[in-house]
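So, here come the structures, one by one.
Here come two complexes built around subunit A, the first alongside subunit B, the second alongside subunit C.
The block that comes next holds the complex of A and B.
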């Protein structure tokens, strides 16, 4: 990436005052990146920004509260940072934010599907329009836009909303490839038994690893999650789909009006359950009732985290 | 826990559509239930004794009563189990009357539903824990909102009982609607002669602090410890030095100000004292009509005032008062009758309201007690009274009876004859409702001794004919149409909730009905209490009332306050939220959502944690639904207790 060196210079400048800077670097094969914790000057060179920088590093921030932390953010990641600030879960003065113009990240599930069982990846070259992947037996050329994560196809915030250092030229307001919630609306046109049947089928393969929760930047209860708590005892340990559905419903409710739709829950799912749709559903309701979007204004109070005697768009007296 | 279940017949209320014996038999199969029976009246003395005996005999650890709503008898049964030595919270109630027998007729379904409700109650009871109240000090001062006759009575009774009273009145003088009346039914004694001394008592009582021309801005706190922010509206006159001499009023050149006290009959000066017996007798400026305030010129009153108390720059002032109880006596307002096109919708000057007529009859009113037509000042000959204007009329959203109009119309008809012996009064009525001591005799007198013509029927139209008004209506007893040439038409306008009643209710956290009248705690057994502890009702704010009833309620509310303050400490309700600090991550979401400001942040071993102030918490549970990890739990309604009820119901 053209601004990568500029970014490294910024980090170099800020690092002496920071305990750690969160970024991405290469991983076990050329097709994957991994979160990178920069603590020393020499760690900076390993930093790599590319469409493989999928992880939302804001997930680490609440756990690092109290430390001076730098964080490299995509536009969507910055919304998580804003939401954490809104909820008083991190301190603004402890965080140094490095932003860059993001042109989208890949969806590894889509690549895996396109490649099939291809074995080890030898090289991976990403240009503006294509990804060329050399596996052991042949070269695969994939169109980049088709491999982009769904959230990138509807992205409205490619530049970090909040930053202390911004490298590269801002993209501004992009034209999204798809409209918001189109997939959700298509799903909603199904009948109730069809939709319930869909979720029973999808969630039946859940292995209750709770990776969705662990990857979520706004799941901040950590050791006190309702999933494992015995007092209050929300979920049993029984192996049934009911408790799996129950957990996802709890998660969606806890995210209502807070979720920035970064998609980490769905990306982290090892069995590819489309759990993001549940949160999108809640978010669309919140948008329609409160005209509110999570994580875009550090000063705003999320609608479900305040109390009003009368809500403008909820007329209880007419119920 | 050994559980006993008591299924009540409630006479035939429940037993008629629920097989209570079968419910008891099914309950015996539930886990932990060691005893179950059905009883005729569980709330009666033998019924309660049966519970006490069963607790002792079977060594019960908790009791479920399946009967009526907890609002009816939860307190009764809590005391019963306490009498047998159990903690009062080791009791659950299953509502199989309001929720079952009264709403369904199918005996089998009702029985099954009752079994389900009892199962839920036993499952919750197993997870109940003993809870204990804490004691807290109370502030033995009382706030009375509204200085009408009900408020005055409540204030005087409280003050005579030794309490410090703060009275807040919206208008510049106390007295309310009664002060505007000429005479009162059924004795026809002078209203200001009987109310006046009471008003003076309020002003002179050492225990009463009066804030006239003031409003309630904010109410915080809870029973025993309310904090009230009072807005003293700007009067532009320093009331500490104003002697009420009235010189300013005589000389004020702006004489077109709205005369609210006289219901708009005539005009008054921009600086004015509402009426000679006003309490406090202090002048105030109506800024909309004051030439000095509007245009910067004039200043006559400031020049002439012997005490130098005029201040054109005065601003609203706020004072804070701490009290332990509140009596709400905000009264009523008149229905806006201009919605009625058939009565001219306000176009004809000689169609007036009953309260305007009252001011006309009063010797201290704008006409000096002479009945004059507003249009030409002539004495009327035929006076037509129309009853139920904005009462008992579904078409204008006022289906209720205002209660006192029948009586004051009879009184006004009598007074009309007294003032103008040559006059003839007609009353168009729907029914005569004269239920009170000497009331029916009074209306009879109006008809028989004062020759008032009562016509049973509604008026369909009023229209001008020459300088008179033609009133056309039906006489339903004769089955004929009638027309009366009227010189003056008086509308018996109904009562509606006082303006701003809704906003005040929200500040007080009390509920009101769909017409804006405040809801009493129980329509029969708690007529002056509200569902908010420490807030009481007096007078017409709870529903239209005549003077004797309002005074009665004022005294009743005072008795409740004195009873409340007979103890030095109150017990707090232990059904409040409690924070499990092990689980709390200190995010403060509960602090943001608490409607009562009952949660604050505290520090525990260097970490931020939420902390509930028990006396402020009202147990609404918003914090518990806000906290994602369930660190805040509402006692007696914990997540586990609610989940166990859900699981008891959704077993398949």
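The block that comes next holds the complex of A and C.
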């Protein structure tokens, strides 16, 4: 990326006052990136920003509260930071935000599907329009826009919403490749048993690893999660699909009015369950009722923490 | 009971202590005929009701869920039902994505003096649930049937 050196310079400038800077670096193979914790000057050179920088690093922030933390954010990550600030889960004066114009990140599930079982990846070259992946037996050329994560195809905030340092030129408001919630609307047009059966089928393969919870930047209850609580006993320890569905409903509901649709839950899922759809549904209803979008204004009050005596968009049933 | 020609279904009602529970009591004292599908759980306030109760009830075998509290501006705790209204409205709109009809869940306001209104609410909600029929069961003896039906639908 063009601005990567500029970004490293600003991190170098800020690092003496910070305990750690969160970024991304290369991982076990050329096709993956991993979160990178920059503590010393020499760590800075390993920083890599590319369409492989998929992780939402804001997830680490509540756990690092009290430390001076720098964080490199994509537009969507910055919304999580805003939401954390809004809920007083982090202190603004303790964090330094490095923003850059994000042109989208890949969806590893889509790449995996396109490659099939390809074995080891030798090299991975990403240009503005294509990803060329050299595996053991052949070279695969994939179109970048088709491999982008769904959230990037509908992205409206490519630049960090808040930042202390911003490198590169801001993109502004891009034209999304797809309309919001198109997949959700298609799903909603299915019949009732089809929808019910869909979740039973998809969640049947859930292994209850709770990676969706661990990856979620706004799941901040830690040891007090409803999933492990015995009193109230929301979920049993049994292996049944009912509890798996129930956990996803709990997650979606606890995210109501807070979820910024960063998609980490779905990305982290080891068995590719489309759990983001539940959160999108929640968000769309909240947008329709309260004209509210999470993670864009640190001063806004979340809709479920306030009320109006007369609600404009809620019509109650007449009996 | 005229509204109850078929088999009984299972409807769970969450009623606030101060208005709706009193309203249901008034209906009983007034000897208003009501369908008997509803089982009532008394809670301190409609603001006490976690909307996840609704999903939990449906997933554990309820065919319908009714929540009733004090009328807006009449809450015993001044503002519990205002928060409840927002939360419950969202949950009602959320249910269809899970594969439950939104009509399986309703929330309403009934005051302690409205015995007549309570009867009307119970009768029409029970009727509404009977029109929808039993909810899909994912636990218990009917679970296997549900799974077969779902497999056929997919």
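The rule is short, and it goes like this: the second predicted complex is superposed on the first by the 309 of 319 C-alpha atoms of A that agree within 3 Å, B and C clash if a C-alpha of one lies under 4 Å from a C-alpha of the other, contacts with A are read in each partner's own complex, and residues count from 1 in each chain.
The rule we apply is simple: a contact is a pair of C-beta atoms (placed from the backbone, for glycine too) under 8 Å apart; a residue touches a chain by one contact, two chains touch by 3 or more.
Computed from a predicted structure; not experimentally measured.
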item: Fit or clash between subunit C and subunit B when superposed on subunit A; value: clash
item: A:88 touches, of subunit B and subunit C: first, second, both or neither?; value: first
item: Partner chain(s) touched by A:239 [first = subunit B, second = subunit C, both, neither]; value: neither
item: First (subunit B), second (subunit C), both or neither touched by A:278; value: second
item: Touched partner set for A:198, first subunit B, second subunit C, both or neither; value: second
item: Which superposed partner A:189 touches (first subunit B, second subunit C, both, neither); value: neither
item: Partner chain in contact with A:289 - subunit B first, subunit C second, else both or neither; value: second
item: Contacts of A:303 with subunit B and subunit C, given as first, second, both or neither; value: second
item: Which of subunit B and subunit C A:314 touches, first, second, both or neither; value: second
item: Touched subunit A residues, subunit B compared with subunit C; value: C
item: Clash-bearing segment of subunit C relative to subunit B, given 9-17, 27-35 or 81-89; value: 27-35
item: Intersection of subunit A interface sets (partners subunit B, subunit C); value: 234, 304, 307, 309
item: Complex contacts: residues of subunit A adjacent to subunit B; value: 87-89, 220-222, 224-226, 229, 231-234, 254, 301, 304-307, 309
item: Subunit A - residues contacting subunit C, complex; value: 184, 187-188, 191-201, 234, 240-242, 245-246, 249-250, 252-253, 256, 277-278, 281-282, 285-286, 289-290, 303-304, 307-309, 311, 314, 316-317, 319
item: Touching residues (chain side subunit C, partner subunit A) in the complex; value: 51-52, 55-56, 59-60, 72-73, 79, 82-83, 85-87, 89-91, 93-94, 96-101, 106-109, 117, 120-121, 124, 136, 138-139, 147, 149-151, 153-154
item: Subunit B to subunit A touching residues, read off their complex; value: 506, 582-583, 585, 587-589, 592-595, 622, 626, 628-631, 633, 638-640, 643
